[in-house]
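Shared between the two complexes below is chain A, which has chain B as its partner in the first and chain C in the second.
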Partner chain A sequence: MPNQPEANNWPRWFDPRSRSLGTFGFILNRVTALGLTLYLLMHLIALGQLARGADAYDGFIALVKNPLFKLGELLVIAAGVIHGLNGIRIALNSFGIGVRCQKGTFIALMLIALFIIAFFTFKMFSEG
Partner chain B sequence: MTEQLWQVHFKVHRQRTGGKPYVRTFTLDVDPEEYILDAVERIWALHDRTLTYRHACHHSTCGACGMRVNGREKLTCITTISSVTQNGGTVRIDPLRNFPVVSDLVVDMGNFFLRMDRSGFNSVAPLAAACLPYEQPLTAENSIDHEPERLVDCIECGLCISVCPAANTDKEYVGPAVLASLHLMYVQNPTQEFIDQADHHTGLWRCHSAYECTEVCPSGVDPAWRIMDMRKKVMSDRIKSIFRPRSSEKKNAQPA
Partner chain C sequence: MRESLSPKRLEGSGRWLLKIFTGLLIVVFLGIHFVVNHLVAPGGLLTYADVVAYFQNPIIVVMEISFLILVVIHSFLGLRSILLDLNPSPMVLRVVNFVLVVIGAVAVIYGAWLALTIAGRG
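And now, the complex of A and B:
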């Protein structure tokens, strides 16, 4: 990869080596954004399937009851929670709020995210 | 000086202009409290006179000796060997990123200096403006030399540009130091001109809040805070402008 700035240097965004906490926030936001965009696309394709009648609908519902789909749903929830909370931190910072304590805010928000994700994991997988 | 010498392997980035990069390893016996720049100079003096690198002051003032040490941006004249490795360990030395390599550890910072110049960067400022706005300002009475001005903190080393993930993919992005300079100029002279220079998609809004610039800055400039402070100004001006009557409405509101 060239040393000077180039658009195709983007894989370096995801390289966490020799980086500080801020980059982890940056990486998390990008990964979750990509994940959510992909989900939206898949969601639209799945909705398109429903228009193909009752059998297609039943088949689809049976498919989404699969534990693998549940795991996927959990990942979507996790991505939404992480991206949303991290986004609040960045938006507040852009209004000049909490810039000097952004690291502490990041850790606190990610702990909240972890708690919410754990709650949903329990809810989704305990109900069978 | 400590008594015991350490044996350290220095893996140094080598590259001729436009050529393929490669790594050459030099093993030196060093005092662990020596600086990385001392080791680089020793490599040049005793092992390989073709190695190129930049330095001048040796005391964190000129900003010339910035390199990546084990992947992290450092001013090598103030980075001790013991802070980055151990006896028998390895130290990787690479040029700064986000600048074209001229040769080995030397990068072309011409564009960066031009941008700093265009921002109106002035290395001297009145005491109250030279520090960060959230710091306790010095006064001529309580400063050491009783001078009314001092050198500003930014030494134009470029470490913040090298570490910035946004600068990594956008060559038009002016980068943290230039935005910090515009903020510094705005603090001294609050005119719209400096805000306008920063308020565009390759300026304030290209920053993606990784805060790495503030982490690596060896001089306490806190570019990330300055960027966010300018964003606050731009955002509050925009919000106020929504509620401000337009100039035509203003005219109509004036008594005949």
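And now, the complex of A and C:
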């Protein structure tokens, strides 16, 4: 029996067996979506420091230069790149473009994503 | 496998299309947002004074608010798609719709207020 998602059988969501590459693409898109939505709300709340004036905002920026925050920012970049590139494929496939080669496109886009994430990792953590 | 390409049940083609189009526009806007915020300003917009100066350009204010609206529409429609996969009852779905619209509207109003407040401090 294929491993289909069902609301009342949620432990099975975490079972990676009998899943196709497309399902992993789907899962990756959903997980990054949740992360990016959480970041959007955090970003809006954090930028609220701007309304409190120069001292509040500059103090906040000093705090986020901490490596732990940088790691969080790197996760946001990774999620954004993966979700964005995979999303372009989904949009094209939705209009019937490249449906036959979607597996290859997915793999190619995720390799590009890995390359971009590696670039940002190097750039963010080499500047100190 | 044709079903997997069709819009999700209960989502409706209009909302699905809106999600696709806002997604594509976000790729463009995010690129601009990223380049302008991190590359055009030397070293990035890392101080309060830099941000206030940046928001003096009305095009930037319009662009940032438009970007926020697109992101909120896309992310909240996406969140709804994920919740639809949990097969909510019509009653639960009504509550979900209401909560998402309220949080989304608050996020847009708050973000626009913030952008205009910063623009007004120049």
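Methods note: the second predicted complex is superposed on the first by the 113 of 128 C-alpha atoms of A that agree within 3 Å, B and C clash if a C-alpha of one lies under 4 Å from a C-alpha of the other, contacts with A are read in each partner's own complex, and residues count from 1 in each chain.
One rule holds for everything that comes next: a contact is a pair of C-beta atoms (placed from the backbone, for glycine too) under 8 Å apart; a residue touches a chain by one contact, two chains touch by 3 or more.
Since the model is a prediction, treat every value here as computed from it, not as a measurement.
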item	value
Contacts of A:116 with chain B and chain C, given as first, second, both or neither	neither
First (chain B), second (chain C), both or neither touched by A:87	second
First, second, both or neither for A:17, with chain B first and chain C second	first
Which superposed partner A:61 touches (first chain B, second chain C, both, neither)	second
Partner chain(s) touched by A:33 [first = chain B, second = chain C, both, neither]	second
Which of chain B and chain C A:75 touches, first, second, both or neither	neither
Contacts of A:100 with chain B and chain C, given as first, second, both or neither	first
Which of chain B and chain C A:53 touches, first, second, both or neither	second
Partner chain(s) touched by A:44 [first = chain B, second = chain C, both, neither]	second
Footprint overlap on chain A, where chain B in one structure and chain C in the other make contact	5, 7, 22, 90, 93-94, 99
Residue ranges of chain C touching chain A (in the complex, touch as defined)	4-5, 20, 23-24, 26-27, 30, 46-49, 51, 71-72, 75-76, 78-79, 82, 85-87, 107, 110-111, 114, 117-118
Footprint of chain A on chain B - complex, ascending	68, 70-72, 95, 97-101, 107, 134, 165, 167-171, 173, 208-212, 215, 224-225, 228-229, 231-232, 235
Chain C-facing residues of chain A, complex	5, 7, 22, 30, 33-34, 36-37, 40-41, 44, 47-48, 50-51, 53-54, 57-58, 61, 80, 84, 87-88, 90-91, 93-94, 99
Complex contact set, residues of chain A against chain B	3-10, 12-13, 17-23, 25-26, 29, 90, 93-96, 99-100, 102-103
